[in-house]
Amino acid sequence: MDTPPPLLFALDLTGTFVFGLNGALTALRATHLDVVGVVTLGMMTALGGGVIRDILIGAIPPATFLYWPYFTLALAGALIAFVLNRPLARFEMSLTTLDAVGLSVFAVIGASKAVAAGLGAGPAVALGVITAVGGGTIRDLMVGQVPTVLRSELYAIPALVAAAITVAALGTDTYGLPAAMGAVTACFVIRMLGVRYQLNAPRPPGQSRGTPEPGM
Amino acid sequence: MDTPPPLLFALDLTGTFVFGLNGALTALRATHLDVVGVVTLGMMTALGGGVIRDILIGAIPPATFLYWPYFTLALAGALIAFVLNRPLARFEMSLTTLDAVGLSVFAVIGASKAVAAGLGAGPAVALGVITAVGGGTIRDLMVGQVPTVLRSELYAIPALVAAAITVAALGTDTYGLPAAMGAVTACFVIRMLGVRYQLNAPRPPGQSRGTPEPGM
Amino acid sequence: MDTPPPLLFALDLTGTFVFGLNGALTALRATHLDVVGVVTLGMMTALGGGVIRDILIGAIPPATFLYWPYFTLALAGALIAFVLNRPLARFEMSLTTLDAVGLSVFAVIGASKAVAAGLGAGPAVALGVITAVGGGTIRDLMVGQVPTVLRSELYAIPALVAAAITVAALGTDTYGLPAAMGAVTACFVIRMLGVRYQLNAPRPPGQSRGTPEPGM
């Protein structure tokens, strides 16, 4: 098995690092956990989406277990979060922003890897979304919260947009740094606009919006 | 990879559709979710059991990612549930009935696919049960409930009966539409009788039956 | 596929049996479940870690579905726990002790199997830990608790020590009954010392230890 193309690899490592940070910060906020719990949750958040994707496309053992940078960056992100928890706490939006970065890059990388594995356009988009939301979903389940993908302002939709742009670019042979960064940016902007203006996808007919869920 | 036999395929698609409906209706009842959350939970319920089974028997990528009808029917079921939530709410038993239909057909299809993949009788029965209860278990975990398989009136047992009938019929070369429908019917009837008469499997010695669990 | 070496097989079956006992006892303590719920949770606890490991190393179908002793022992452990719940309840530490035994043997077997599958030292250690904590993590999620691996006194660290000893012994060609039992013992002793003296890994800077978590 040869190494992935540099662009994908760089995006993947970026997502791994920021999800490691994010997962560990979530652990620090959610409950009183020791360093092992914090690091474990950081690594599950960072590596979970990619591991699920690799199993589903048949890339077994998953890349995480073949290339040391994944483990190392997830661990580094989690440890940095553990040590710098207090200074980082001043940045109120940090958790959400880091999550949006991870969501964006993992949607692009997940869709790319699925196309490279020979899947069709629809499944490749689905795998982009699964890669993007998988780690965060594991994180939420582990700390006893209803996963963000089920309850949050525009969470799956921006990942879907990024994955669809990626698959379209690959299909029309226009994929490269600009297309990838465009897809990442589109996802990030839609997600952050959703958070900023509390946009939500349409709710069921006749159901009021109600108060925000606890824990959001 | 060629397409599955028509009977299995039809059963599989039926289960996918009703579990899509069921998962989405559960999402609508359980929490205030937007359309993406409702559809996501519907698709996880509909596709989760089959994806777990395909990974375990080595059919990777899972059928869900190879044949578009799975995704489409799961999505259709979830969207119909989202739109028709209010009219459907009048049918009090609808959630349980849909779940029983999905349970029944997925137990038969799961066991058949496991036998076709070369597994022995015992493991094939186990995979039938896993296929049947897998999607519902994911659904329950996602909305923070103890999974039905652990706490409910005769949930795993009817799936076990249907899977065992299927494996026996395949082993004696008497499998076909009658055997498959017999297995589906047996599972459905046992499950619904359990719900109707609140039958339960034996409880631990010396432990009173107590009040019904919250959320059941 | 040939059978595993006797030592690994014996350790694996031991872990399967004690995790079956442990998972079922947890089910009996946590909620009012019937016999199917108790047995299901016992089997998930016993078989979950190994199934995850086998998927990750590409040993599909997982060993659980190929060798009947796994299912049988997990089932036997769970049924024994169901019947002997009351007498066993007198031994206050039984749940924790059984869990520590399962943790220890599964860390060793998981690391061994990963090395045998051709993985590097780091990933093999990680897979040892995943095998060890996987079943218990599924058990905790199923009954709605934050997994032990995230919140408990020295849970992942002893598994890491046992997996590291195993990988080191295999790498230096000194693996055998003494090395395996040494690794198992090291994990068990560290884990039980952690429980006895309520040792914890370091907590975040500036965060007090606080009261014990509910449910621990």
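Order as written gives the chain letters A, B and C; numbering starts at 1 within each chain.
Quick note on the criterion: contacts are C-beta pairs under 8 Å (C-beta built on N, C-alpha and C of every residue); 3 or more make two chains touch, one makes a residue touch a chain.
Chain-to-protein mapping (UniProt): A, B, C = Glycine transporter domain-containing protein.
Note that the structure is predicted; figures quoted are calculated from it, not measured.
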So what shape is it, when you link every pair of chains that touch: line, ring, star, complete or other?
complete
At the place where copies chain A and chain B touch, is the share of residue numbers found on both sides over half (same) or under half (different)?
different
What rotation angle, rounded to the nearest 5 degrees, superposes the C-alpha atoms of chain B onto those of its identical copy chain C?
120
Once you find the CA centre of chain A and the CA centre of chain B, what distance in Å lies between them?
29
If you look at chain A, which of its residues touch at least two other chains?
55, 60, 141, 144
Write out the stretch or stretches of chain A touching chain B in their complex.
55-58, 60, 117, 119-120, 122-123, 126-127, 141, 144-147, 149-151, 154-157, 200-207, 209-210, 213
Touching chain A in the complex: which residues of chain B?
27-28, 31-38, 40-41, 51, 55, 60-62, 64-66, 68, 71, 82-83, 85-86, 141-144
